[in-house]
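In what follows, structures are represented as structure tokens.
The two complexes that follow have subunit A in common; it is paired with subunit B in the first and with subunit C in the second.
Take a look at the complex of A and B:
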């Protein structure tokens, strides 16, 4: 079975150990996944692969990384079961694309429009039939580039409460940035709502 | 001369671009974007009293997010925002070819996603030196709320002047 190891750190094994614990506890756990930018893509792909294939979960994936049309073949090629994922694409429209409508993906106008992101994620939750449900926000760091810190704290806190109430796990992907940056401040502000934190070593 | 420009979060790009054009009335402006795709910048350049033909955009974000099928006039694309050598190369080529009066680096806040503080400062110094080599002024934007005061002070040390546009 494929495993993702970074600098001697077995990320796949860590996921295998931690994710079942959440499920046994009833779900609704909020995890911060902080990764150096250079590992962002492989870490995200592996996270989605483990969630959809090893844990048979279904969920919502909010992407600022790639447009939906290019993302799906990449996920498919990495063994992610895309049939178990609904997408919230925050970038296609910002880049001026006019994507074809699909029931699998909601296209939000831009990362500034956080209310639409929240609505799109919430709208898909009812469609998830699996016992284990997840939402991956990839990434809060990018969303933060287009929004103020208080707005993102409010957005994340609101949606985390909503997901907890619905017993849906959330993984907040962030990219390690310089000390003193807003990214650090955001992590500090989010501490009260976090159940777990995974730091990928540099 | 290089400037650190502190910006607020909201809708400031258009105002910043028009201010730049008012100050730099002649010559071209090289705009390095680490966070806004050219397709977002283009309408901003075309609106108002701006002269889009004066802008040479180096777009470092679009290619990492989507495949590009058509080239754009007055814009070159870099493979990703963290392709630093490639970005530096495109800056050199643009400044050499298009005789720019001003280089705008947008933004330090974005750079700090890809580089830690020390290498980021070193990279900014390199960009600043490159601009100086081509007798071009450089303007580095940063979202003020994105940084704490100590980092702003350190950035101030490698800049000639700090302009706080959050107070306007």
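Take a look at the complex of A and C:
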């Protein structure tokens, strides 16, 4: 069984411990996953792999990082069960691509359009039938680049409440930035709604 | 104890009222461009990249962005307003500076302003954006720069935005606000300006250049049928800069500048002579040519100029001195054959041994800058002692005379600076005329001038040689006949009893001959 270890920190092992705890508590846990930029890809791949294969969860993956058409083969190649994921792609349209419509992915025009992101996520939640459900926001850092801090705090709080009510776990992926940055301020603002926090070491 | 504070000292102590760090620059990572900019673009500046289609504005901007992250760990943003991001990215795939893995929100962030405008409910298809729309766009840009700590920003192109603003005041305010905002964030900006026609200097609206801190003008220049790209720093606030054009090619590596062959002040010329080993010529030259000097060897067609060059090289090769022949008239095989025939030297064998390098190029195939680059590359890599350029006149067929003078001046300095003793061959148009070398000031450049000419004497064409100029040395000033033999050139005596050889108006000096004869008779008694 593969494991992802970064600077002595066994991320896979941590997920194996934490995810059952969320489930036992009835789900609806909001976790902040803070990762340095350079480990972002392996960390998210491992997160999705563990969720979909080891924990038999299904969920929604919102991405601002890679276009859907490129992402799916990467996930597939890394052992992620993509059949258990619905995608919200916030990159393709902004990059000027004209993606083909697919039932497994909603394409949002840009990270400014947070209402569309919210609608797309909510729409897919209804389709999730498994016991263990998740939503991964990858990443709040990117969405914050296009929106004001209060707007994103409001967006995250609203969606967190919605997910908690539906017992869906949420993982808010953020990328480590300089101390005192807007990103840092957002983390501070989100503290009241967070149930857990995972920090990937640099 | 009361402290005495003097005005100037206090101002120096806290560095003045602004947080400006002198010498803090955003390097392009392109050596020649950074040199021209005295280190780089002053950080926080807003630079206009002005040029027509195909000059490589986007490539330069992308190279600046990717170099910025790879070499200086500076995150950057690319905002497109014209072509979609995926197309801009696809166009960069073949460049070595490009690295797709760096395209991510916090490293090299790529975005499309049209998507942003659409989501801000701004109709980007119309040219009636309001000041509020501009403020909203600026706010997003500020958020992006601040959020990711970007140090470099590219707007490709500002022209497309200006067309949507239309109103001159809005354009002025937009660029001013953008520049000021980014400067405060210590982010350096490159704004692409599409110059569509010759009457537009740096921008279609003529406003952008006044608001920007710097201007790079990029052009595609036709030089006698060969096209070359050039970039010129027109304006750069906050730094001294080299405003002369710099020529470049776009290669797999991105911008590849032709290295400047600078006119450097000469080092001392060593008091060492290199013999030509041409029978009789070294006597005329006082022992040979001074090391690190340049000689213009000029003469009519068929006078053996190239042969002089080959013999000069041979003299060095036989002593183990490296020789370089830059041929613009004949191919390598022809030069090998000529040398084997006369002066009976196997150049191919010397080249195989690694002491000789024969480089042949058709002049038409290279631009002026590439010709200079050729000399520079060959000399710097091979480090020859003796160099032959055969010939300047074949370059004149494709360069305007001014360019030829510039070329000659630059390689003259460059070769001397690199310790080369060189012969630059030049062909005169006429058979008998001797005035051509002084035309166009070519004669003022080299240290030495040797002239080879024909003269008609008693219905036969004979050749003569004379040393017209030799800086720093006395030399034989006579006109001497020379012949071409199987082993090479043989310089003989001067034309005794004959006058007017140089002018071509040849006649016997009968009176002088008679006086000499009378003296001889008298001395015999």
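To be clear about the criterion, the second predicted complex is superposed on the first by the 202 of 202 C-alpha atoms of A that agree within 3 Å, B and C clash if a C-alpha of one lies under 4 Å from a C-alpha of the other, contacts with A are read in each partner's own complex, and residues count from 1 in each chain.
Everything below uses one rule, namely that a residue touches a chain if its C-beta (ideal position, glycine included) is under 8 Å from a C-beta of that chain, and two chains touch if they have at least 3 such contacts.
On a predicted model such as this, the values are computed, not experimentally measured, just so you know.
Just subunit B (first), just subunit C (second), both, or neither: which does A:65 touch?
both
I'd like to know which partner A:183 touches here: subunit B for first, subunit C for second, both or neither.
both
Quick one: is A:37 in contact with subunit B, with subunit C, with both, or with neither? Answer first, second, both or neither.
In the superposed model, A:37 contacts both subunit B and subunit C.
Thinking of the overlay built on chain A, is A:113 touched by subunit B (first), by subunit C (second), by both, or by neither?
In the superposed model, A:113 contacts subunit C only, not subunit B.
Could you tell me if A:125 is touching subunit B, subunit C, both of them or neither one (first, second, both, neither)?
neither
Report for A:96: first if it touches subunit B alone, second if subunit C alone, otherwise both or neither.
After superposing on A, A:96 lies in contact with both subunit B and subunit C.
According to the stated criteria, A:74 is in contact with first (subunit B), second (subunit C), both, or neither; which is it?
neither
Going by the contact definition given at the top, which residues of subunit A touch subunit B in one complex and subunit C in the other?
Correct list for subunit A: 37, 65, 94-97, 141-142, 145-148, 175, 177-178, 181-183.
Could you list, by residue number, the parts of subunit B that touch subunit A in their complex?
Residues of subunit B touching subunit A: 9-10, 35, 37, 39-40, 62, 65-67, 82, 109-110, 112-117, 120, 143, 145-148, 150-151.
Within their complex, state which residues of subunit A touch subunit C.
Going through subunit A, the ones touching subunit C are 37, 40, 64-65, 93-97, 109-110, 112-113, 139, 141-142, 144-148, 175, 177-178, 181-183.
So in the complex, the part of subunit A that touches subunit B is made up of which residues?
37-38, 65-67, 69-70, 91-92, 94-97, 141-142, 145-149, 175, 177-183, 185
Applying the document's contact rule, which stretches of subunit C touch subunit A when the two form their complex?
83-87, 89, 104-107, 109-112, 115-116, 118-120, 140, 143-144, 146-149
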